[in-house]
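The block underneath contains the structure these notes are about, expressed in structure tokens.
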Amino acid sequence: MIIIATVTVFFMLGAALSVFFFKDLMNAVVASSLVSLTATVLFYLLQAPDVAMAEAAIGVALVTGIFVVAIRRTERYEK
Amino acid sequence: MNAITILFLSIICLGLFLSFLRMLSGPTAPDRAVAVDTMTTIIVATLVLVAFILERYIYLDVALVYSLISFVGLVALARFLEKGF
Amino acid sequence: MYYLGVVVTGVGVLFLCLGGIGLFRFPDVYNRVQAGTKCTTLGAFATIIGVGIMEPTWFWKTLIIALFILATNPISSHSLGRAAYKSGTELAEGSVVDMASEFEEYSEE
Amino acid sequence: MKELLSLRGLIALFLLVVIGVGIFSAVGKIPFGQPDSEVGSAYLEDGRQETGAANTVTSVVVGYRALDTLGEVAVLFIAATGLSTILATSKKRIDRKLEDASLVLKTGCRVFFPMILLFGAYLFIHGHLTPGGGFQGGAVIGSAFLLTYLGCSGRRVSRTASRSLESLSGFGFVFLGLIGLMVGESYFLSNFLPKGELYSLLSAGIFPLIYILIGLKVGAEFAGVIDSMIEESR
Amino acid sequence: MSFLSSYIYYIGAFGLIIIGLLVILLKRNLIKVIIGINLLDTGVNLFLISTGYLKGGTAPIFSPGYGAVPSAMVDPVPQGLVLTAIVIGASVLALALSLGIKVYDHYGTLDLDKVRGQRW
Amino acid sequence: MSKVKSFFYLFSVLFLVWLGFTATFQLQELALGLTLSFLLSLIFYKTYVNIGFPPLGIKRFVFALIYIIVVFKEIIKANLDVAYRAVHPKIPINPGIVIIRTNLNGDVAKTVLANSITLTPGTFTLDVIGDRLLIHWINVESKSEEEATKLIGERFERYLRIIFA
């Protein structure tokens, strides 16, 4: 179990750092949805399936959709 | 949690790692989205495997949420990229 | 029965890993969709069904998870491929034929 | 990268180091894997007999801490109302040619929409037995409405329907609490219905009712949020 | 290895909090700042859940075929708190994004340096 | 398809899905499932009138089972093919985008065809307009429309034409 937890934490921090460096906001949204995906796995491994389910249902679909709508309304590239 | 499951989890981690590298280095936005799609599918399988290792039947519901909902966010990204919606 | 489940799960796990390798090595978006989202579809299907075989009381739930994966994954990969094609991603070097421009003519009929 | 090397970046890094050391020295001493919360163990020991719910998280959220949940539901309502008020004054319209959704997506959206709704209903009805509940089920229902906006262009949620469903379920929540105040052990949201048999669907008193109301409310709220964000800014 | 096995979740949570703060403090784009707030939110939730973890414990859900005793279950109180915090986080995020849309309408840009008085 | 038929179609599908979710046969769960499927299909059956679901029948059912087996065989065969291409050191691919035709009509029939083509790796559907499908093929064997139709679509379409006739 510790293997997959370590690997998942590594992915999560990597994706979060890549949010800092991406200039295209779409890429940042993709990376933040990856952060939410890995956070779900960590909640699951911490024996909290309720929280994992809430994070899955909200982080993977709703938050991504709302960010995409806001980016469509404003502008895509960070200057 | 015996040797076989440790082997399975290690192989899954290798696949996840390669997709993660594609997420970091993909030249365009669709590349990264495809990488996240792949990681989602792999993670659904991982969740079912971990539920088997922990021997809890009720944990399968989380995998069910992923298998039904995960395509909505990716479809939102795709519809933005093809300038629809 | 248990060993059959272990074998099926092992095959699925191998296909998941192969999907990752293909996603990493192929040259352009379309080929990556081929490898990435469909080797992993079969891999996830086999892994989940294998768990269901190993633990027979879980079979129906695992079957329905696997069926939903089989039904929803083509939609998302089709949308991503269409997004790449509509946003003008170029094919990789060494591609044989590109009939997308001819296809555009049909849409105006 | 160039943000990191400017004066502002250096100040921010210094601040971050201070904050990090502060947080780590404050809460890093909490041992991992050995919680010593007596509240939690008391809930775990007595929860099954007192509430009749198999899922202890459910009995914490809608039983022992139900008043907190009422406050959180109010926060949700305020956020949704504020969002639609802010966006309602939007004047700017984007006029451009939009791509139509492809046939596969349209058909898939039509086929999967009732199934996702059914799954959300399954989640919030079985909240006291499985790791589901009103918040998760509501989020799933909200995702289903997002899918209709993506796939079937032209179809939209009636705003009066979503508003009135949200208000009615919020009202139902308060009303159940007031009935408990009158009938039961005279405190807000007391569990006045029979507890039923453990692990069966009709158990745990009013918990399934509250979770159904919360699920409808959260689902209607997210549908309204998506409707405002997509339609007001088109 | 024992250090990793006992603190890996804390490392993840604190790393996420620090990176979220970094994005909030250093980036000028408003939507990216909001993504940073989202990361910070996830980190705080992860930390709260990991304080309630019991080593070798299982989820606080009783089920018919599984004989778990209450003393071998993780703490349910942080899970109940975080469950509602996630939903509230999402809807507050939507509110923040709608404010960002209004800022874009008014100033024509998302750059916080150009929006007067918004950035140090 | 008439309204009553589409109502019962949706009702039975939703009830089967509910049985998969709960995976028990307790009386309370069954009653709840019946009620919920009835309500949902009462609201949504109008959407399904023109979508082109096949009517039920013994012959169609048998062919649907055969079709599922054929699709699985193709998926496994093609997956091995793509896996070979992925691990080969030189990556022997020969990609291209081709057009194929289909004789099917009805939204569901075309969607099932497109999804089957998408699920077998080596080919995937980029777009559907009218009776033509735009296919990305990882190993192009023929550039002409008829040949490609015979190679890609025909193996599924044989069965689908009977099922959705």
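A, B, C, D, E and F are the chain letters, set down in written order, and residue numbers restart from 1 in every chain.
As a convention for this text, a residue touches a chain if its C-beta (ideal position, glycine included) is under 8 Å from a C-beta of that chain, and two chains touch if they have at least 3 such contacts.
Model, not experiment: these values are computed from the prediction.
Participant: Suppose you hop from subunit B to any chain it touches, then on again the same way; how many hops at least until you reach subunit F?
Facilitator: 2
Participant: Report the chain whose mean Cα position is at the greatest distance from that of subunit F.
Facilitator: Chain centre farthest from subunit F's centre: E.
Participant: Using mean C-alpha positions as chain centres, tell me how far subunit C is from subunit D in Å, no decimals.
Facilitator: 31
Participant: Calculate how many whole Å lie between the centre of subunit B and the centre of subunit C, each centre taken as the average of the chain's C-alpha atoms.
Facilitator: Computed from C-alpha means, the inter-chain centre distance equals 11 Å.
Participant: Determine the centre-to-centre distance between subunit B and subunit D, using the mean Cα coordinates as centres, and give it in whole Å.
Facilitator: For subunit B versus subunit D, the centre distance works out to 23 Å.
Participant: Using the touch rule from the top of the page, what residues of subunit F touch 2 or more other chains?
Facilitator: 17, 21, 114-115, 125, 127 - these are the residues of subunit F that touch more than one other chain.
Participant: Check each residue of subunit A and list the ones that touch at least two other chains.
Facilitator: Correct list: 29, 49-50, 52-54, 57-58, 61-62, 65-66, 69-73.
Participant: Counting only residues that touch at least two other chains, what does the list for subunit C look like?
Facilitator: 18, 21, 33, 41, 57, 61, 64, 71-75, 77-79, 82, 86
Participant: Let me make sure I understand the interfaces: which chain pairs count as touching?
Facilitator: Listed by label, chains in contact pair as A-B, A-D, A-E, B-C, B-D, B-E, C-D, C-F, D-E, D-F.
Participant: If you look only at subunit F, which of its residues touch subunit C in the complex?
Facilitator: The contact residues of subunit F facing subunit C are 17, 19-21, 23, 75-76, 79, 82-83, 85-87, 91, 93-99, 114-115, 118-122, 124-127, 129-130, 132, 134, 136, 138, 140, 143.
Participant: Help me check something: in the complex, which residues belonging to subunit A touch subunit D?
Facilitator: Going through subunit A, the ones touching subunit D are 21, 49-50, 52-54, 57-58, 61-62, 65-66, 69-70, 72-73.
Participant: Flag every residue of subunit D that touches subunit F in the complex, lowest number first.
Facilitator: Residues in contact with subunit F: 102-104, 106-108, 110-111, 113-115, 117-119, 121-122, 125-126, 200-202.
Participant: Using the touch definition up top, name the residues of subunit B that touch subunit D in the complex.
Facilitator: Residue positions touching the partner: 58-59, 61-62, 64-65, 68-69, 72, 75-76, 79, 82-85.
Participant: Can you list the subunit C residues touching subunit D in their complex?
Facilitator: Within the complex, subunit C touches subunit D at residues 71-72, 74-75, 78-79, 82, 86.
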